[in-house]
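In the two assemblies presented below, subunit A is common to both, partnered first by subunit B and then by subunit C.
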Partner chain A sequence: MSNYKYIGKSAVRVDGKAKITGAAQFVDDLDFGPDLLYAAVVESPHAYAIIQKINTKKAKELPGVVKVVTGKEFPYRFGLYMHDRYIFAQDRVRFVGEQVAAVIANDPATALKAARLVEVKYKKLKPLLNVGDALQQQGVDRVHPDLANYFHVPWFYPKKDSNIAHFRKIRRGDVGEGFGDADLVYEDNYVVPRYAHCAIENHAAVGKLDHDGRLTLWTASQSPHTQRHLFAEALAPLGFTHQNVRVITPFVGGGFGGKAGVTMEIVAAALATTVPGRPVKLLWSREQEFYNTYQRQGVEASIKVGVKNDGTITTLEQTLLWDAGAYVEYGANVVNAAGLSATGPYRIPNVKIDSVCVYTNLPPGGPYRGFGYSEFIFGLESHFNQIAKQLGMDQVEFRRKNAIRAGDQLAYGAPMHANGLLEAIDRVKQEIAWDTPKEIPSDSSKVRGRGFSLFWKAPAMPPNASSTAFLKFNEDASINIMVSGMEIGQGYLTVMAQIAAEVLGVPPEKIRVESPDTDRNPYEWQTVASHITWSCGNAVKRAAEDARDQIVDLIENVLEMPRDDIYLENCQVRSKIEPDFALDFTEFIINGLMLPDGSWRGGPIVGRGMFMPEFTSALSDPETGQGGKPNVHYTVGASAIEIEIDRDTGKITIPKVVLAIDCGQALNPDLVKGQITGGMLQGLATVLYEDMRFDDQGRLLNPNFTDYKIPTSLDTPDQIVPIIVEVPQGDGPFGARGMGEHTMIPAAPLIANALYDALGVRVKSMPITAEKIVAELIN
Partner chain B sequence: MTITHQFDYIKAKSVAHACKLLSKKGDHRLLSGGTDLIGHIKENLATPDSLIDLKGIDALKHLSVTPSTIKIGALCTFSDLLNSKEMAKYFPAVQEMAQTVASVAVRNRATVVGNICSAVPSLDSAPLLLTYDAVVCVVSSKGVRKVPINQWFISSRQSAIRKGELVCAIEIKMPAQKHGATFVKLGRYRGEDLAQASVAVVALPRDRYRIAFGAVAPTPFRADQLEKLLNGKQLTDNLVGQAVTLIPSLVSPITDIRATKEYRTHMCQVMFERAVETAVARLR
Partner chain C sequence: MKVSFTLNSETRWLECQPNQTLLHALREQLGVKSPKCGCERGDCGTCTILLDGKSIKSCLVLACEVEGCEITTLEGLMQSGLTPLQKAFLDQNAFQCGFCAPGMVIAATELLEHNSSPNRGEIEEALAGNLCRCTGYAPIIDAVLDLVDNGGK
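Right, the complex of A and B next:
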């Protein structure tokens, strides 16, 4: 064990008191005074239609209305990886709920009323509501006729005259030969529907254009700097640049990917420019949260696997057809990430993967915790279970045999790094008592089953995504750290404080880390991809080391102590060779040290740190996906579950679930355990309860918690056992790597596999509701 | 969500005052818990001219108990049912039902009378009220009338209430003899949910049964045919099996986003079988 003082300890959350006392402020809590205006959007009732005419007269005449804005004023496209999304719909609407116009009024009720008075004349088109229809449609009524003209990042490959926004190919080895070598070839199809994030805080944005031309946005966001960049890009035709766009992000009430990038915030930014001097608030309703932010994309997976009789996997052929929705500016990268990694954490020599991003007339797909991995793992881990069964092999042994190890080639050709997958498998297997018989329930209608699944995930990000940090000392030796990552419940602020604490010998409770303002805090790409602890943690560590070096320089120069003898502890400079020496930081940290002649050296200690990976590359052969190094690292793990099913009702209860994850180094074990618990619950919800339904016109039928069920405290497993595995990440802060998203990834195949174990029923589409189980049993 | 509809708000001083307000021209809605009504106004599903708030009328607040009757006043909430010692003593199944209504916060506001006035097919209180032959006390400026609960539910979302009337209480006769009862509700998970099917069974001495279903027909209903089949006979597996077989012809559930008619029907059978077993066990 390492002898860290603050790392690896469960420090108390630095934001805990603010949140428990209610002192923490979220966007909707901020007071903007009596000048505040309120906006409401006019939404498309159609999934696909041409806008023929917009009449705003009646809306404008309603007393209290300040402005009515349509797409005419903002004919601009924007997006993160591809510029395909509109501030307001232009000639056509592409999903039910898309914003066509907006009203700004003195109060929220007037804004809403006026929005209903805006008359829009549509010519309906046939909506493309599933991947099959969308792939067939090649005519002028494909979702984006102008796709060929859109800007996109160089690693996307849109197909001309089609609804394919991106086609990620992976070709490795020889698939034909691989199937030839196999003793068993097994094929099947799996379906994963769409899901909603359901963060408890709704999206909110307040925009204000000062009379001096500075545009400020207060947003509930995972991505303040990326938002600033996208606002500046989209509004550049109006003369805005980064200098006069500012984003302030207070506390955020949950993200799960849904508050990454830019969605509704662009509307607030645009509207603010039309009413200079007055702030405008746009607050999404729960319904809008469901249909006009991002949704997790649905996928249809076709899997064909070749194995030898001894269980060695020779080949994987997998096609993933993604229902990416009306706009894919972010979602196409989910498709890309899944394509790169759809082998799962397995050593497979011959691989063919097609991951296809398909436009449909459903709400925009986008980032969601797991970023495509939960979606393909459902099929893959269900599939491997069936293969082990057919081979007559223990499924855990099958997984262990093929589990990826350090040095094995990844699907895109680079080698896998050191990892603790085997340890995770073994510890999970032991904890769930895999080799001992299951308990037989006393109630004869009930039966138990066990499921097992591996999982992995890499951050999906541009090769040069970076993090920066400023660190400043105060007179009392307390510290302010300025970063631009977001606290979205995961404990980021606390962990950044722990990292600086470890380097500088200042306890975390003396360190403030707060939410960003892009004018004051340095650059951060986004709080996504489970990369923030790793990436921003490196930046904070470097900032702390920069400050430490300044302290050491000062002591060395002024007190003439050898720098190698100096160490920092409890806000003091100490000496390894002079145990009695102790200089309080408060003696010099702002004012420096005085020389015998009365002059001063040193001054306020301010550190800076930056981290950008320098070994990644998104350049690869588009036909094979080989040649690049798109992913910085993979976090791996294993999970197992025991379920009890009531055969008559189909209801499942969960006596126990176990998840082991190799997070490199748990900087704060309590927070790691919190992620395991929360992620597992979210994953179990997607497989057991959440069930997004659209009607045949593309309208979402359950944009509410009455009919879109996320678990309550009554629906938690009896026991969740978190297991921390620590094989250090060489380039991570104190060896840490990301683990936030991963914890939900294995949940769906766990349930599917446990159900199979209990009843011999293989359900190949999510969710696996009680009703579906009963239907399977009756049939 | 913002309320855009404009309406008058009047706090009624007495039942008579409320009745007078109700008798005026226009769309007037009675406000007690408001857990349905306010949501409907937010969504513009209800656009009343006025809301008549009953919450200040003390006479409607009581859960009153006499040797012969327990009377649930119009302002009694589901939490009041759960907190009532008399309910615990005489009608524990009513508490079992109340425990399944939404969440604690909703139970603290939602009233039982409001529940039956909504007359939605899935309302939780109906099946037990039906099995206990409850009586709905209705008042208007013309006087008082009493409606047996089995005549209360006319069709989906329509009760026997007439314009100008308000429900002041629900009366349940104290059980004349020892009985065993239960309420079973189907939800999609253990958290708060609207019933996709529900069943109440009351078992009385000498092989007498009262059975009612909710959420599987346009209105909650007493299953007379099942009662007829079971009454007076000793309960055997075979007899219960016959009853279970009969159920699909008695219920007429719909398929909607919450459940298919097939699953609802299946679950009526499963829940009935289990409920009978529980009720009989509680009778012993």
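Right, the complex of A and C next:
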């Protein structure tokens, strides 16, 4: 057992009081004074059309309108991994709701009214609303005729003259031989539609260009530094560089990937440059939140698996066709990540995976908690369930037998690291009482079923994504930590405080960790990929160690104590040899220590820390995916559910769900459990309730919470049992690795498999609504 | 038009347009920022406040309707520091991003005003108009239950 004082303890959240009292400020809570302007955008009513003419005259004439801006003023593209997205649509619009122009006015109502007065003449094109149509479309009416000219990261492989923005191939072993060795080959197809993040805070951005040329953006974002970089990159033709672009990000009302990268914020940045001296606010409505940020991409999965009679998987062939939407600057990397890992956490010697990013005329796809893994795991874990059934093998035993272990080769050729997958499987199996019969409901119209699923996920990030931290002491031995990760609810600020607390012997309640300002706080790539605890945690730990070393140096030099005897505890320097020695930090932490001659040594203690993985590489053979090490590590786990279905109504209730995850070291177990409880419900919602509907013109029919149902307090499982497994991550802070996204990944196959267990019905498309279940039963 | 009312025990008045919502009047004109705007159609509950003791969605009420009413927002509940309910929320980590927290605390406060010992089902029912995307609700329900088990302290 460890001897940590603050690590592994459920410290009270450092942001708790702010959030529970309403003191926490979100972007729309900030006060910008009476000079504030408001913007509204003009949206495309068509999924695909040529813009022939824009007439802004009537809008400009409306009293209270300050400016009308169109794509003509900002003919720039931007994007995270591929520059394919526009600040404003240029010659064509590519999805319903895309911003074509914007109005800036003195009040929000005038801005909205004027936006409706902007006249845009379109020539409609045939919209490509599904992957099948998009793959067939060639010629000038492809979604991006200029695809070949777009900048993209070197690990993307666009296909010329097509709607394929990226084609990730994995080829390992010999698939033909693998199927030959198999006793059973099983094939099927699975469909996962699009989903919306539904953070309760809508996107919001305020931009201001000062008269001295400095552009500041206040945004609801997971990615302040990445936003600064993308703003500077896109607005470079206007003379902006990183030096005069600043992003300030207060508290964020939920992210789930939807506030990663840059979406609507670039519009606010561009608009601000047109009204120097005045702040301009752009708030997304709930509707816009649904159709003009990112959506989780839909996927059609074709899976073919070979197994031996003893349950050994010999081969996996999987094609994932992603409906990535109109712009894929972020979403193409979801496709990439899924392609690399679509074996799931299984040892499979022969693998062929094609993960294909297809442009369509639907809203842009992008990052969503789970980053592609929730999507492929639905099909894969449904499929494995059926295979175990066909083999007459217990499905948990089937999974356990094939579960990936340390040293096994991953699909891209690198070895798997030590992990707690087997422990997770065993503990989940025991907790759900897998081997004991299910309860028989007293109501004969009801029936119970159990489902099981494994899951895994690696952070999907560039190989050199980094985190940094500054740490400074104050006179009272309190600490300010400056980092640029975002507190999006997960408890990041608290955990960073705990890490520094452990190194420096200062309790977390004396440590402030605050939201970033890119001018003040050091670099962080983004708060995504479940990498922040691991990556920024390492940076904070190093910053704390740097500060600790300075303290120890000072004590060693001035008091002539051997450094190995020194330790820090409760804001004091203590000695292992002299138990009575105790020097308060307050005695020296700012002003240093005085020598006998009256001169001083030391001074304010300030630490710095940086972390960048230096062992990863995204370079690999494009035809096989072999040769690189694109992923830093995987977080693995297992989950099981017991459901009760009403045969008459199809309604599913959930008596119990169990999820075990190997987070290396739970830095704060309560926060880990919070991720499990919240993530599981978000996952269950994708399979039970949420159902995005488009009409035949590509218009989203249900962009609101009345018609797109996310769970309420009435829709919670009776019991969620979180299980923490801890096989340390060697390069993680105190052995920790991330676990935020993972908790929703197994939810969909859990329900599908439990439904099959209960009724023998296999539903192969999400969501599995009551309506769909009843329809299956009638058939 | 001019409207006067009691806001968090103080008499206030404001000039409002006939179509202005109470939510926007509170936030933009009076600077009371704990009610948040999440949907503007009564679905999400982040703008929940107490109007004459009843929890309502302030995005569904017009400012001009509250003449003579008593309005309490989260700010008004804390006149003697954190309420026991807020402390229970803190202890149970009954929030993550915190955006829904003000509305959630208001809704739970109203429940406890009318029913000092609600069971789990009654709590779920009372909070069903307030959406939370982070916590999965269990910690919020547990916080209220915890308070009930401790006799409201």
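The definition used in the following text is that the second predicted complex is superposed on the first by the 779 of 779 C-alpha atoms of A that agree within 3 Å, B and C clash if a C-alpha of one lies under 4 Å from a C-alpha of the other, contacts with A are read in each partner's own complex, and residues count from 1 in each chain.
Going forward, a contact is a pair of C-beta atoms (placed from the backbone, for glycine too) under 8 Å apart; a residue touches a chain by one contact, two chains touch by 3 or more.
Computed from a predicted structure; not experimentally measured.
> By the touch definition at the top of the document, which applies to A:256: first (subunit B), second (subunit C), both, or neither?
So A:256 only meets subunit C here.
> Check whether A:236 is in contact with subunit B, with subunit C, with both or with neither, and answer first, second, both or neither.
A:236 sits against neither subunit B nor subunit C.
> Which partner chains sit in contact with A:488 here, subunit B, subunit C, both or neither? Use first/second/both/neither.
After superposition on chain A, A:488 lies in contact with subunit C alone.
> In the overlay, answer first, second, both or neither for which of subunit B and subunit C A:595 touches.
neither
> Is A:678 in contact with subunit B, with subunit C, with both, or with neither (first, second, both, neither)?
Touch partner of A:678: subunit C, not subunit B.
> Touching A:148, do we find subunit B (first), subunit C (second), both, or neither?
A:148 contacts neither subunit B nor subunit C.
> State whether A:577 touches subunit B only (first), subunit C only (second), both chains, or neither.
Touch status of A:577: no partner.
> Touching A:29 in the superposition: subunit B (first), subunit C (second), both, neither?
It touches subunit C, and subunit B stays clear.
> What is the contact status of A:191 with respect to subunit B (first) and subunit C (second): first, second, both, or neither?
In the superposed model, A:191 contacts neither subunit B nor subunit C.
> According to the contact criterion defined above, which of subunit B and subunit C contacts more residues of subunit A?
Looking at subunit A, the partner in contact with more of its residues is C.
> Just which bits of subunit A does subunit B share with subunit C as contact spots?
Common interface on subunit A, subunit B vs subunit C: 285-286, 706, 711-712, 714.
> Contact residues on subunit C for subunit A in the complex?
For subunit C paired with subunit A, touching residues are 31, 33-34, 36-41, 43-44, 46, 73-75, 78, 82, 86, 89-91, 93, 95-102, 105, 123-125, 127-141.
> Could you list, by residue number, the parts of subunit A that touch subunit C in their complex?
Touch residues, subunit A against subunit C: 12-13, 15-22, 24-26, 28-29, 31, 197-202, 251-256, 285-286, 487-491, 670-671, 674, 677-682, 704-706, 710-714, 716, 720.
> Residue numbers of subunit A touching subunit B in their complex, please.
Result: residues 108-109, 112-113, 285-286, 648-649, 688-689, 693, 701-702, 706-707, 709, 711-712, 714-715, 769-771, 774-775, 778 of subunit A touch subunit B.
> Of all residues in subunit B, which touch subunit A in the complex?
Touch list, subunit B to subunit A: 1-4, 188-194, 257-260, 262-263, 266-267, 270.
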